[in-house]
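In what follows, structures are represented as structure tokens.
What follows is a pair of complexes built around chain A, which joins chain B in one and chain C in the other.
Showing the complex of A and B:
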């Protein structure tokens, strides 16, 4: 059961990678990498269950946060959003 | 009792796999960035929920299930937030969605 889930997740991640390589604009790539990240979290959880090792879930929690930070960092780098500087300017 | 939980988790995992695959296909086939965000975020949140519930039924009621639901809550919070930031950045960067009058 978990094996089919793992294989399906790997297929989904490959499809996301295809979009990451083919995406015309930078935002398609970030979207694909974001989806790839969340699927990695699921893959870690399912693989933890597949091999009967519940410690993998801690990795999943950690990776979910890191993935979010990575996406926001990439967006801030690209669009140079001034989250904090705007307040000083006004 | 064991058959019931297996069946339930089978149903949830199957639903999760189906949603993930349709989300991934939507990510590939949709014409425009904004529609792809829709496809990807659907597969992000609901497919994750189905997987987490499928796994939670397998592990009964203990710390592992608590960790699973922590992961679910985190992904439900960060997924839409990331998608919102992404679309806002794309919009301010001047990415125009496809409307009827455009090609």
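Showing the complex of A and C:
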């Protein structure tokens, strides 16, 4: 069961990675990074149970925290960048 | 299964690097570096290096993303087009890369347990540290006691980095008391993010509690002064992002932060001097108590506290310096 969950998470991480690479809008990328971070937290948890050592779960809390603050910072600073320009993110 | 996880993580890591090289938008590159750090931290977890994973996530995905974003606000977010040909740099990089790959051919077989790297000092640490130091997390024993002198150097490097940042970027002085009523009036008129502010306020005590847990649980599990300092700083970064720089500067004045940054180094170095005065070597904690093992425990707790104080105050102070440049007119905006 944990193996299936791991594979599913890895597939979702790949999909989020594709969205982060392709963009095209800045918000697509922020959302992709946010989702990637969430999946990393889940992968830490699942991987801990998969390898039989779930004592590192508290690292997951920290990843979730970093992810939350990082996204707030990205959105905060984006206000200051003129992001309504017509150029595509490439 | 673990092999599959390792291979897919490394595959995603290399894809991210290729994308970083090809992209022109600096903002997208900073975002991808965040992903890169999360991936490498996950690889460290898969390799059982949880302390390193902790630090990589804290510094790579957390702090440096925030600082890079703050830098982008002042530099603009598009890469300048280079007019020079990229042939010569490509040639040099290819030759260097080929030489490095050639150099790895002489290295001992990957993953062989008899490699010299696993038997230089590691045997002694693994066999002796339970009796000599007696704490379950061997990484902390090595970092804080066997290699205490190196770690003192690292803390001094962090402190020097703050001196460098502050001599290049100045932290804005907070508005004087005379202006305060007007400013509060302004803020009442346009409270920018009430939901975020409430969420940040509710979360801050828990973040600080978690930082203290990581600080003092470092003897037993992954964690320690460096990680705890970063988590502590993240709480104040969250406060600054939601409430604005002026409120944050009123909460933690820069003069206090500077004193704390120096004080942490002083605690660390002072422990070494105290152990010398008690008749031991510099940073030899055995003499701190009548029982050598409990002396080691006292020494490790004290120097980890020094590390945590320095790292937290250096990061908060450096973040304020970057924010002063990135959001200069926030006081007027509200």
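To be clear about the criterion, the second predicted complex is superposed on the first by the 79 of 90 C-alpha atoms of A that agree within 3 Å, B and C clash if a C-alpha of one lies under 4 Å from a C-alpha of the other, contacts with A are read in each partner's own complex, and residues count from 1 in each chain.
Everything below uses one rule, namely that a residue touches a chain if its C-beta (ideal position, glycine included) is under 8 Å from a C-beta of that chain, and two chains touch if they have at least 3 such contacts.
In this text the structure is predicted, and so the values were computed from the model without any measurement.
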Which of chain B and chain C A:72 touches, first, second, both or neither: both
Partner chain(s) touched by A:25 [first = chain B, second = chain C, both, neither]: first
Touched partner set for A:61, first chain B, second chain C, both or neither: both
Contacts of A:33 with chain B and chain C, given as first, second, both or neither: second
Partner chain(s) touched by A:4 [first = chain B, second = chain C, both, neither]: first
Overlap of the chain B and chain C footprints on chain A, listed as residue numbers: 30, 32, 58, 61, 65, 67, 72, 78, 81
Chain C contact footprint on chain A (complex, rising order): 3, 6-7, 10, 13-14, 17, 20-21, 23, 26, 29-30, 32-33, 36-37, 40, 43-44, 47, 50-51, 55-56, 58-59, 61-63, 65-67, 69-70, 72-74, 76-78, 80-81, 87, 89-90
Chain A-facing residues of chain B, complex: 6, 9-10, 13, 16-17, 20-21, 23-25, 27-28, 33, 36-37, 40, 43-44, 47-48, 51-52, 54-55, 58-59, 63-64, 67-68, 70-71, 74-75, 78-79, 81-83, 85-86, 89-90, 92-93, 95
Interface residues, chain C side, partner chain A - complex: 1-2, 4-5, 8, 12, 15-16, 19, 23-25, 27-28, 31-32, 34-35, 38-39, 41-42, 45-46, 50, 53-54, 57-58, 61-62, 65-66, 69-70, 72-73, 76-78, 196, 207, 210, 213-214, 221-222, 227, 231, 234, 237-238, 241-242, 326-327
For the chain A and chain B complex, residues of the former touching the latter: 1, 4-5, 8-9, 11-12, 15-16, 18-19, 25, 27-28, 30-32, 34-35, 38-39, 41-42, 45-46, 49, 54, 57-58, 60-61, 64-65, 67-68, 71-72, 75, 78-79, 81
